[in-house]
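Before I ask anything, here is the structure I am working with.
Letters are used for the chains, namely A, B, C, D and E, taken in the order the chains are written, and counting of residues starts over at 1 for each.
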């Protein structure tokens, strides 16, 4: 652009600086860990149940140490991650497709709406025997449990978001010659993107929780199994070690989602004030 | 020449939930012959945009029939160019991407798209802003981007809802001349809505004046000005002033009538 | 479904004709970390299954019910489970058989919260209190009901029953959600050695059990379906071989040595504590894998009595004297295991 | 309005007629029940595990019959509903408030974002002992479990929706003199309403599931308890009887939510084509 | 009279992510004295809306200072009336509710609100549509509702961004006269943006012409027409045509310059 100018660099507010934000986030987490340790040492939190960071952090290190006798931690992580990611991906795709179809086809959506609401309220844990029956005790049943959690979160979010898209935009691209799938991918999904990503961020966490619960119900490996065993021994240090690992993995998945969201949100106006 | 757009006894009743139904237009008959440039003027809220939406198939008529090139309008028409009165650019697409949309939908290749989009970006003077997102444009720039977006596929029927109302006089004149040039030899049919009487006369073959809501056709005036025209000069042409004054008094009557009506209903 | 189809023997086994064909066996174990199912883990740790050319996959369930469902639905070939589930399954028309015994006593203890030390001296003193088991209808609930009945206390009339879960049991006691709880190890040892409570009745010992039932109580073991026995008698025999050997190993070796053979995922992080529970376990763990007829009858007796005194305890599957105790187990495999 | 006219009633499309939609919804549910019954009778679904409508519907009737020996069903319903509604309401309020605050205060939102993502992934089931310790064995711990489920669903949805509200609307009311709370209640919440209601519809189901799971883990009353007991006795009829009751209650709650949504959506353009 | 609005060396650089920064306005100096009606015209995209947003405190200047009644603009100003160029009505509020907003924010009672809102609904001729939601209005009606919304609290500083561009000539004239009447004796300060040169001259005390982007002030013309004025007649007043032509040629130069520039950059 010929009118482009380079003025002296403006003072970018602290809150917009990346390093500052990262430091702040780390600070919050460290504060949380510190508080936990402090309260544990002060006897406010009974370490029999709550463990303490100075106990479970070394335990985690132990797990990763070569030749650990506590079983292969990488195997456990791999198993749990596989279940989580499969449950997340399948549940998300189903939720997106069904939510989208229901939003576009009014009658279909109305017809199945009550049935889905009812299904959503069924406690998955109670269905464990049915899952075992239908999907066996291996990977499939664990993935299925995750899917039933993720699906509904993504479904309802997609349904509402797609339904609410500005009709003018749809009308415009239809006149411009958009086929059904163009309307989907050019208008409806981008417009619903924010809401969908928000639902993905929730459901990613639930996918982890689902995988762990499924392992808890029955499994031979995975972080859920590790936690269940520790819990059976009232070994709260082991339990929190496992939980912290899961939380870190979840953070990883969440960062990926946020990255994707950030990349696709360049078009959004930034608030100045 | 055969009529390109016809409306026969078209009425539209809006039925907002929990409010009485509202008759927006009432028994509108209109023919726009192939290759003609017809402008519609009328008081604010008289149903101009409604007519355009009906012709494009965006909404359904309550009664009457509408055809485009003898083909009854039953669904959204993709064989027309439509310029919305409201913002209709995709906010998540840059100007260039927005203008390319219709070509992409028609399956054109990258190269070909660029070849056709670039001249349009220049024509609406947005080349330097090709990579801006809509919210990074001014109001007039958004309108111009929309103009390019709907014209880039060279549709043979143009439905335009106040395309130039957000532009300064000069830019508007430039755009108007561009439009006339584009239309000139092309045989395109244009149904053009504006609130600017001067613009309506300067551009069209025929001027349609509507009544205040419920919109009916009050009068139709052929525009006896020679072509080609230069819009910034046409107002000094003979015949312009008399036409302007007739249409103006029509319009004034309607506006005043609806004004009185609204005062009455307020009390 | 189950995947027990014997696969062709590996090439190397051609020479030694003694080696049976390789088979995969899926197992659902009633819970992790419980001594009551230790032989599965130990046999695996000692490579007993490998010796039988078996690929045994252990799957740990959260509750006996889930493990039983997995067995009945054919998802697994074996479970480590208590015999209560076999009784209920028989009544429901799904016959199963226990083929190896793991525990010949209940292996549970009735633990009372520490602050009640002075007021609760015997089971009778639990009148008016809240007493817990792992869940409604579980083995701990059944036994508890029986114990209380023997002391003249009836559920809902003289005391409140509280299902506490297993992992949540300690917290429930500490939160004063219950005054006493029936559970197995490692809960009992953990809770007592943490100084949070004391043992009122110890059914990990023959003494307290005999006092209550006049003999053994056939609690847990390896269970499979009648159908599986019929189609794969050979595989069953090999599984039983390994498990009985594990039973014998526990009985004949010091607890410390047994623990040393086990991975940390079985012993938990605190090996010393595990050794302690194992020492206590020696008294109730089966030494030979044989199922005791009298013990099975005692379990039935407990079930029947409970149903009489407390009909809500068996809403749809009324356990009656009609249950055929001898159909619940099959000792023929364990008897064939060479010394 | 003086220009109002009454034209002959236009043909309202079937899909817009209330009775038709209701009939359709009922049809879908009846079809589902019929299929279940049919597959059960045909032996495809083993009734030992899956029960059958003709078995569990009479069972439910039995529960409601006066003098039923299966315990007071009204008590169970009351207990479960109380836990659910409390968990739902508290979780929703917290999710709304925190989500809203984080969306409005950029820095706050950024700082706590990773911590919340981590918390969201923690399997609630594993934390059961901690809940019991912190909240006791009674109502509170069950409510707390529901809250942790509901909170995150509502939080992420509110956060994204509030952040994405059209800035022009906010600017306009601010100039018109809106105080912070006016901006909240006049602009941000109404604009985010659809997304929030969608998250509420998901989370209402999860609130039920949470309550039931909590009861399942340990309690003396409630539908979850009823189901757990039935499950212990391989009584799939009892299990599905309980599940169906929960599903019906959930349907009720969902209808209330939809009613609220419908009432507040009068302003939305209806799609004509 | 003391200046009511001042801009001193105000520049605004937009910094869109991943694009070079863009200088929208450059060193703008402007005083609007108390009670004056100043109109700003300029080519589409030259920075008119940017100036208004800066004065209202919606965005921050990159350099320079802005004051309203000697009070530096540091945050969003609630003591001004602001008419947005884009749709800014709350979609979930009816016309009446939208117009009532500012009064509600000021804590007025129901009765009092109705007393002040009803005349405004009549004035913008929306009384019959008081219970319609914004999407049930035509484009011009939405604009009129916005007008009422921002004027109902009787602010002493008015910042208006093309308020009448969506209206037909007659309705526009009615509204313009309403505005003049309202402003007449009130001592209100008005900063008025329009792309209609005629309107700008007809309404104002002073006309400011901006250069093509980056926007600078190109010329300022006092408008030597007597008041009170009737906007539909003022164009025949002496002095109108010469002023119109001077401003017109200023503007044309700018538009052409920026046109050429954009052609250059497109090639």
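What we mean here is this: a residue touches a chain if its C-beta (ideal position, glycine included) is under 8 Å from a C-beta of that chain, and two chains touch if they have at least 3 such contacts.
This structure is a prediction, so every number in the text was calculated from the model and none was measured.
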Notebook entry, point to check: Between chain B and chain D, which partner chains are common?
Noted result: A, E
Note to self: From the C-alpha centres, identify the chain that is farthest from chain E.
What the structure shows: C
Check: Between what two chains do the most C-beta pairs come into contact?
Finding: A-D
Next item on the list: Go ahead and note the Å separation of the Cα centroids belonging to chain A and chain C.
Entry: 38
Next item on the list: Round to the nearest whole Å and give the separation of the Cα centres of chain B and chain C.
Entry: 82
Note to self: So the centre of each chain is just the mean of its C-alpha atoms; given that, what is the distance between chain C and chain D in Å?
What the structure shows: 39
Next item on the list: Report the inter-chain centroid distance for chain B and chain E in whole angstrom, where each centroid is the mean of the CA atoms.
Entry: 25
Item checked: Multi-partner residues of chain D (each touching 2 or more other chains) -> 1-3, 49, 129-130, 133, 228, 231, 266, 268-269
Next item on the list: Identify all positions of chain C at which a residue touches two or more other chains, and write them in rising order.
Entry: 65, 69, 73, 167, 170-171, 174
Next item on the list: Can you tell me which residues of chain E touch two or more of the remaining chains?
Entry: 58, 76, 86-87, 128-129, 133, 261, 265
Check: chain C touches which residues of chain D in the complex?
Finding: 48-49, 69-71, 128-130, 132-133, 136-138, 217-220, 225, 228-235, 237-238
Check: Which of the residues in chain E end up touching chain D in this complex?
Finding: 56, 58, 76-78, 80-82, 84, 86-88, 90-94, 101-102, 105-106, 128-129, 133-135, 149-150, 153
Item checked: Interfacial residue positions of chain C with respect to chain D in the complex -> 65, 68-69, 72-73, 88-89, 92-94, 132, 135-138, 160-165, 167-168, 170-172, 174-178, 311-312, 314-317
Checklist line | chain B partner contacts - residues on chain A that touch it in the complex | finding: 1-3, 168-169, 171-179, 182, 186-187, 190-191, 193, 264, 266-269
Checklist line | Residues of chain A that touch chain D when the two form their complex | finding: 15, 21, 24-25, 27-29, 32, 46, 49-50, 106-107, 110-115, 117-127, 129-130, 133, 152-153, 155-157, 159-161, 163-164, 167, 194-195, 197-199, 201-202, 204-206, 208-209, 212-213, 216, 224, 227-228, 231, 236, 239, 242-243, 246-251, 254, 268-269, 271
